[in-house]
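Note that subunit A is present in both complexes that follow, paired respectively with subunit B and with subunit C.
Entry: the complex of A and B
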């Protein structure tokens, strides 16, 4: 029996994963959620910003990983628009421009924010490090127009924004190593405050920056998005996502424990 | 000459950029700003080179009938269709947005989603407490996984209700991330940074020349 279990067909595991994803979605389960310290820090930082402040959001993720950072983007933008904080969007990833445009338009419509007054999407430019350094000198030298082609000089909310000196926070929503570049070239050189929202697989890499204060706060995958949604009291994709992820995690833990029990019993049998 | 000029340029710009870091003088900052602007102009040429190399590589695959050469036609189809819409009409054109939202996004999301299936299957097969190191890794991974999701707290509290650690899984996960994980990661960052500095010095001084293509000769 244990030998059979150890050699279980992987298609059975696949079916179990499908069920662990679908069933919680159908049942619409709500799990109790505590807010972790890194999420609370980011929320507090944004919440304490006065109205008319400006935060920059870097949408540094592509279609393959947007499921985790997108709920973070939605939650943070809702919080910003509710508080009257202006949002400047951009990306260092050519695949992310349309994703960023979609999410900014969606939340702006929901909150009644106006393009050019409450938010603007600058778009994408080649060369991540050059773009980060260039904006420290002058944003208009890198992005002469926004994503729709409107010159920055014609955009009301950009009238008083020249470079990072007028940006209160850069939030990098990332699925890769862009945060290292933002910290090295924008935080260290220009003193820009940086927060991060990253996919679960790279979150452990962010802790040194969090401890040194180079990151003001950190959102960790679906969990971070769900916690932020809880803080702004607006359930969304993050809470729905973490409920599904919870059961897949539970399944994987269960499979590992089961596999190890079977492994030990099998070993005992072979020895004795 | 083909080697000397790039080496001299590399040395000059490398030294100048280092010096501007240590001087807040207006002239120094003006030089810095100017060079940053130049790099913004130079960088897009790398993209042109990248596209040319991609086309060259896949054209050669088709000509040589290498393994899976048929897929190279898919690469060309993708480049031509997206460029034919995106270059003249821009990325806001409905056809470009439709192709992105309905072809690229689902394909990318599907590739990433497959990971869940393979990770679950691989964890079941390979994650075994065969020795002390593997057991430590296994226990750490299970605690972090349980602490990462709300249902982990619920299950842990039920299973460990008899013990003094009944409500500690999130704290345990945070401690692992804040201490052993942070220490190891910081060591890696320091190592990478020191390596980066030494490699940069070698490039500026012309000791490391592999970027000129053709090795160190």
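Entry: the complex of A and C
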């Protein structure tokens, strides 16, 4: 039996994972969720900002990784629009422009926010270092117009926003190493406050920045999105996703434990 | 039209997941399509966001006499064109110039800020809690965290210190460093599983709600 378990066909594992995803999704199972300190810090920072403040959101993820950052973007933008905080969107990833446009329009429509007054999407420009450094001097020198081609001088909410001095927080929603660039050039050189929302794959690398205060807060994958949705009391894709993730984690842990037990029993049998 | 897009997306999603059974032509087709489209999209966007507004438009404005300052763009354009010198074995040495400029800019912009962000700030973050211990503002748990962190940093750095032979106390310190590294890798692995499962969940959600939803909408 244990030999069979050790030589189990990998397709069976795939089927079990798919079932662990589909069943909780269809049954809409809800598990208890506690808010972690990094998420709470980011929420508190944004919540304490006065109305008419400005947050810059960098949508640094592509179609192959948007499953985790997008629920974060939705939750944070809902919070911002509810509080009257203006949102400036941009991206350092050429694949992200359409995704950013879709999510900004969707949340703006839901919250009644107006393009050019409550939010604006600047779009994408080549060269991440030049873009980050250039905006520290003058945003219009990098983005002379927004994503739709409207000159920044014709956008009401950009009238008082020249550079990072008028930005209260940069939130980088990332699936790669863009946060390193934002910290190195925007935080270190210009003192811009930075928060991050990252995919699970890179979150472990972000904790040193959180400990030193280089990040004001951190959202970690689906979990971070779910926690933020809980804080703003608006369940969305994050909470739905984290429940399913929990079941898959249970399955993975179960298989790891079972595999190890089978391995040791098999080894003892061979020795005995 | 939207339903058509959903069906194409669903077909390509299933093509990619068919690899879980075994390698097959459907998977190969979707894989090559994805790579080709990503490269094509990247090139087109670079032309529209980079070449046209930053090089062509100002240069053309200078040529037609609207803004003579646009001729200055010839300097970076010519330096950029030197990259193509690689295509000729006789002139390939010219490629050193744009590479030197890029490395010079990168180093100049990066080194002072990177030192500050990665070395000084991280060192400060590791040592600072001990100042708070001295001031008596940390709780017992926070003191434990600060001590654990400095032990972890010293032990892990010792593991990567190859100028002394790993024998005696150095060996044991580096072994503790390995334990810290393993904990770090375990955390990264757990988070990676969460990230990968998130991608699967998003696709399953799309297949169940959008694709199957579009089938039921047809009838």
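As a working rule, the second predicted complex is superposed on the first by the 272 of 272 C-alpha atoms of A that agree within 3 Å, B and C clash if a C-alpha of one lies under 4 Å from a C-alpha of the other, contacts with A are read in each partner's own complex, and residues count from 1 in each chain.
Rule of thumb we're sticking to: contacts are C-beta pairs under 8 Å (C-beta built on N, C-alpha and C of every residue); 3 or more make two chains touch, one makes a residue touch a chain.
The structure displayed is predicted, hence computed values, not measured ones.
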item: Touch count on subunit A, higher of subunit B and subunit C; value: B
item: Subunit B versus subunit C as contact partner of A:133, first or second or both or neither; value: both
item: Which superposed partner A:35 touches (first subunit B, second subunit C, both, neither); value: neither
item: First, second, both or neither for A:65, with subunit B first and subunit C second; value: both
item: Touching partner for A:25 - first (subunit B), second (subunit C), both, neither; value: second
item: Subunit B versus subunit C as contact partner of A:252, first or second or both or neither; value: both
item: Subunit B versus subunit C as contact partner of A:49, first or second or both or neither; value: neither
item: First (subunit B), second (subunit C), both or neither touched by A:241; value: second
item: Partner chain(s) touched by A:232 [first = subunit B, second = subunit C, both, neither]; value: neither
item: Touched partner set for A:188, first subunit B, second subunit C, both or neither; value: second
item: Subunit A residues contacted in one complex by subunit B, in the other by subunit C; value: 14, 17, 21, 64-67, 95, 97, 125-126, 133, 200, 203-205, 208, 211, 220-221, 223, 245, 248-249, 252
item: Subunit C - residues contacting subunit A, complex; value: 20-21, 38, 41-42, 45-46, 49-50, 53-54, 106, 109-110, 113-114, 116-118, 121-122, 124-125, 149, 184, 187-188, 190-205, 208
item: Sites on subunit A touched by subunit C in the complex; value: 11, 14, 17-18, 21-22, 25-26, 64-68, 94-95, 97, 123-126, 129, 133, 144, 180, 183-185, 187-189, 199-201, 203-205, 208, 211-214, 220-223, 237, 240-241, 244-245, 248-249, 252
item: Interface residues, subunit A side, partner subunit B - complex; value: 8, 10, 13-14, 16-17, 21, 31-34, 36-37, 62-67, 95, 97-99, 101-102, 125-127, 130-131, 133-134, 137, 141-142, 147-149, 200, 203-205, 207-208, 211, 220-221, 223, 226, 242-243, 245-253, 255-260, 263-264
item: Subunit B - residues contacting subunit A, complex; value: 33, 36-37, 39-40, 43-44, 46-47, 90-92, 96-97, 100-101, 104-109, 111-112, 116-117, 119-121, 123-125, 127-129, 138, 142, 145-146, 148-155, 170, 174, 177-178, 181-182, 185-186, 189
